[in-house]
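Structures given as structure tokens follow.
Each of the two complexes below includes chain A, the first together with chain B, the second together with chain C.
Moving on to the complex of A and B:
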């Protein structure tokens, strides 16, 4: 599986050749044994579990006795929309798309500012932006749980200060779909800028000089050089948000209410309450497949974009 | 740098956006800090009075403290194990050439595109089906080790992504020179590679620990009867009267991890600077130098 072909150390003398060859053999063996443990781990605790979900979704594997044998029935019911889950998926897909696009748009100027303008302060400012949020997902979600809601901090502040009448809170701040999206956006902004920041910081600045030498205006230089070069970072950022958002079930639980119920919440309930593992498996696989297809599609798009540029 | 970054107005607009988003990000968390000192049991206005009661309540809550200990144990186990397997993986991927490199890289990174929820569910099915598949001969109890096992899979790709760039920046000649001088593979690793990646390893460890400590989606499915800190917090948040003490303990946890993250970052910079000086000196002395970014 693993074969070493290190060609960097060619030599004239046959004696040295032999030594190099034996060194290469030794390295080859070492490489293989280094990889054995991590690959074994991934096989046992990642590849096999995911395969077992596939097996479960078609009834090859069953952990409860009441189930109905090997068939594609559960898939058929889901795909033809006989149960609510397909509609729920479309809703969650839409929410994740909105959140990802908005967050990328909000984070792009920040990444640009840090990479191109902040100069020697860029890493300190970057740390300022992400440090508090690397610490605790719950802290961030909890803050909003406390802020939102009819009796939340925001509404109680408005009523206390007399800006709103008692018994007439702002309904938009009550739990539901919009709060779920606000909170998810809030949670991801600091992280989402990292791939874009990395793309911008590693770009060849001489291209911009060349553009200026050839008479390009600043805007033109930005649209023709900086922006296309940052696109891979933009795509990476998008998925950075989209993947966890479409599988989200914690935030809906906290600030979603019934209107904020998502596809992930359904999977959580199907397994967590032990209702129907088989349907849960189908939904889980569907989620993974959707993410994969979308990722492939976007990678294509970026590559086509680059081809069009050149 | 000759695009809009050089124009004055763009600069001020961008600074404005940056400040605005910083405020947007910090304001809710700041409110939590403030309300952790509020005397009332309802989290909301008006502010009743200053008190440290909620901190006292939190620190005498046995379930809460126990869940913190559980999560710390899991984080310690999983970040230690994942640093080891991550390093074993990163070294060949960064510094050796072999045919299966691309598929292996894809496999290592694939947990990143699987939502944690799905992975948690997959692990649950796996651990549950051990006794079904072996006819009840073997059983894998859902508990603390099960969570740690799952976290290693989640953490491994992140660690590999942190370590590979650092490993690639190490001059291959250093390694070859050491081996020409008769150092064994292990000794080369210990005396050349390890010291050079120590700062990156430390950073990866801290990040892994914090992620594992706060991880919920995988843990909730495979923890069985064990209650981790996030699981405890999420359950308590559903009970309004418990919210203030949860806020208090979160303030403590966030402050502590903030200190660790900032401290680690400062340490890393000090190390990197020292290393840069060293490699620049080496460059002056005519030693091949591939490490000046």
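Moving on to the complex of A and C:
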């Protein structure tokens, strides 16, 4: 026979199970409703637009009636280098890489100074650093034209000081590949500094004290403690510059001239004046894929580096 | 009375005079409502005639007043134009045009008669073509330059204008109207035109020949500016050395040759394919740039500044461009669009275009411009002024040329 105690224990257990199940269900509902907004956002502003671009790239969607229907021909022409855009991509990749590396190298000491040395003045100095960026982007870029132009500040100074002859200024300073990289670097530095500053400021200082106590020099402590811990900030900063730079088209338009034309400029032109949405879509998707693969590679690398270190 | 008619009593006379005064007061309003001024007339007046007329007209006025008060529709039949205008809401007229076109001096006389239209600013003819094709904006009127003509018409984006609703159409330059019509339909109403001229600093350079080839002269490497446009294939196509039968519509083989030619030559352009007229003008004034390809407006401005600048009349013949108005295929404000465009190509509007912007205007009667150079150089008022000019309006398959142009630019950057 089943005793009364057994029965009440069983009912208690099933009640508990029921409560747990209902709690789990509720948690599921909450999780799903919390996820709905970001997922919906991603769907609406990433998945659907990218799908549309994919559809344009293979001719499922067409802008003009003259286009040739569904085919992978545009992809083939691009990937086999039959047109010039793959070379342009390589050039833009190189430029973006240079800009991102140089900017990160330049911004790192500033971030280090602000986070580790500036002490109570760090936020005031940070504000000072980003103050020029409260002015209009276009004006800041145009200011470089004034500085670097044929009759700009730099050339005027060189001629005034006798370092260059009158009527023989340095050419190609206001337009070309180098000015594009200079201006982009200038534009990105404060933004690049922030992730590194954030990584360093949140660092546990006791680790540095421990390193010092164990006899590490300041340099060794930096390499063994500060730098590895700031690496996520460095990687974030790198991508912060690299991704927009590789697709950049505004700065090349303003200071690029014919030599500073970039992959992003071609995309802009193909969608705008060229009305060739198919090629524009192929180039855009290629850019997304390239950046995505590169980001994955870097994340792996950083993770691998950390594992090796530990 | 001697003629046997009944004499009019003083009382009746006063009554009739009162009615007469009423009618006289009401007549101008009634006539104005019909859109006519009071007709001058000479009438032999007799008492009976006066009485009959006064009674009749008084009754008419009273009837009209009754109709007006009762809110009944007038029984008169409206013309299709008036009926169309009445059926539309003119305040919804949307004009997609370059910034500045919203200034009423460019469409005088419209605002007093119709509601204020709306304007949206275009960011260039080709970019706006793409936006229209995607339905990003749905204007009634679109104001591009007509290098997009072939594509806009072929894609069915636009519909023909009814020129009978545009009285000023008769005054427009026939070369421009012909270039913007197809199969007997007038798809665009031209507003302005310009010639694309090669100019040079006469004190710094002596051209070897009268040709567009000055713009490809490697002796001027680093000192030439071009525009950022596929029309450079037309410029290059005009050079005898490139041997292109119709520069406005090169064959595939011809275009391939032109692309190679342009890829070689774009390297002499120093820095910028200028899209900034002011900088280009400053560079020409200072001598940084020695030769350029411009609209006459820049030559006029530089001449005014006293810069020693000259232009070439190319042996190959000029390239020209024109801009104006398309009526969109799904325009809601059909009749208001016609009224507006009629105002926008009137003599007064055309003079504003020439005086303010130094462009040639399409209205042959608008010759009394402030700057006589415009008449001399642009041939304002001369219907034959554009004979022999390669109008970019006639460019075919512009999308193909644009693609090729972007590839040339990309090659210069690699």
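A few remarks follow.
Here, the second predicted complex is superposed on the first by the 251 of 310 C-alpha atoms of A that agree within 3 Å, B and C clash if a C-alpha of one lies under 4 Å from a C-alpha of the other, contacts with A are read in each partner's own complex, and residues count from 1 in each chain.
The definition used in the following text is that a contact is a pair of C-beta atoms (placed from the backbone, for glycine too) under 8 Å apart; a residue touches a chain by one contact, two chains touch by 3 or more.
Quick caveat: nothing in here was measured; it's all calculated off a predicted structure.
Number of chain A residues touched is higher for B, counting chain B against chain C. Judged by the touch definition given at the top, the superposed model places A:94 against neither chain B nor chain C. Judged by the touch definition given at the top, the superposed model places A:27 against chain B, while chain C stays out of reach. Once the two complexes are laid over each other on the shared chain, residue contacts for A:300 go to neither chain B nor chain C. Of the two partner chains placed by the overlay, only chain C lies in contact with A:269; chain B stays clear of it.
Judged by the touch definition given at the top, the superposed model places A:76 against neither chain B nor chain C. In the superposition on chain A, A:63 makes contact with both chain B and chain C. Look at A:260: by the touch rule set out above, it reaches chain C but stays clear of chain B.
Contacts of A:175 after superposition on the shared chain: chain C is touched, whereas chain B is not. By the touch criterion defined above, A:142 lies against chain B but remains apart from chain C after alignment on the C-alpha atoms of chain A. In the superposition on the C-alpha atoms of chain A, the part of chain A touched by chain B in one complex and by chain C in the other spans residues 63, 151, 271-272, 277.
The part of chain A that touches chain B in the complex is made up of residues 1-6, 8-9, 23, 26-28, 30-31, 34-35, 37-39, 41-42, 45-50, 52-53, 56, 61-63, 106, 109-110, 112-114, 116-117, 123, 125, 127-129, 131-140, 142-147, 151-153, 155-157, 159-161, 186, 189-190, 205, 208-209, 211-212, 218-219, 221-222, 225-226, 239, 243-244, 246-250, 253-254, 264, 267-268, 271-272, 277, 280-281, 284-285, 287-288, 291-292, 295.
On the side of chain B, the complex with chain A involves touching residues 1-7, 10-11, 14-15, 17-18, 21-22, 24-26, 28-29, 31-32, 35, 42-46, 84-86, 88-89, 91-92, 96-100, 104, 107-108, 110-119, 121-126, 128-129, 132-133, 149-150, 152-153, 156, 172, 176, 179, 185, 207, 210, 214, 216-217, 220-221, 230, 233-234, 237, 243, 246-247, 250, 253-254, 257-258, 261-262, 265, 269.
For chain C in complex with chain A, the residues that touch the partner chain are 124, 126-127, 129-130, 133-134, 151, 154-155, 222, 228-230, 266-267, 269-273, 286, 288, 397, 399, 402-403, 405-407, 409-414. Residue ranges of chain A in contact with chain C, taken from their complex: 63-66, 83-85, 87-88, 91, 150-151, 171-172, 174-176, 256-262, 265-266, 269-277, 279.
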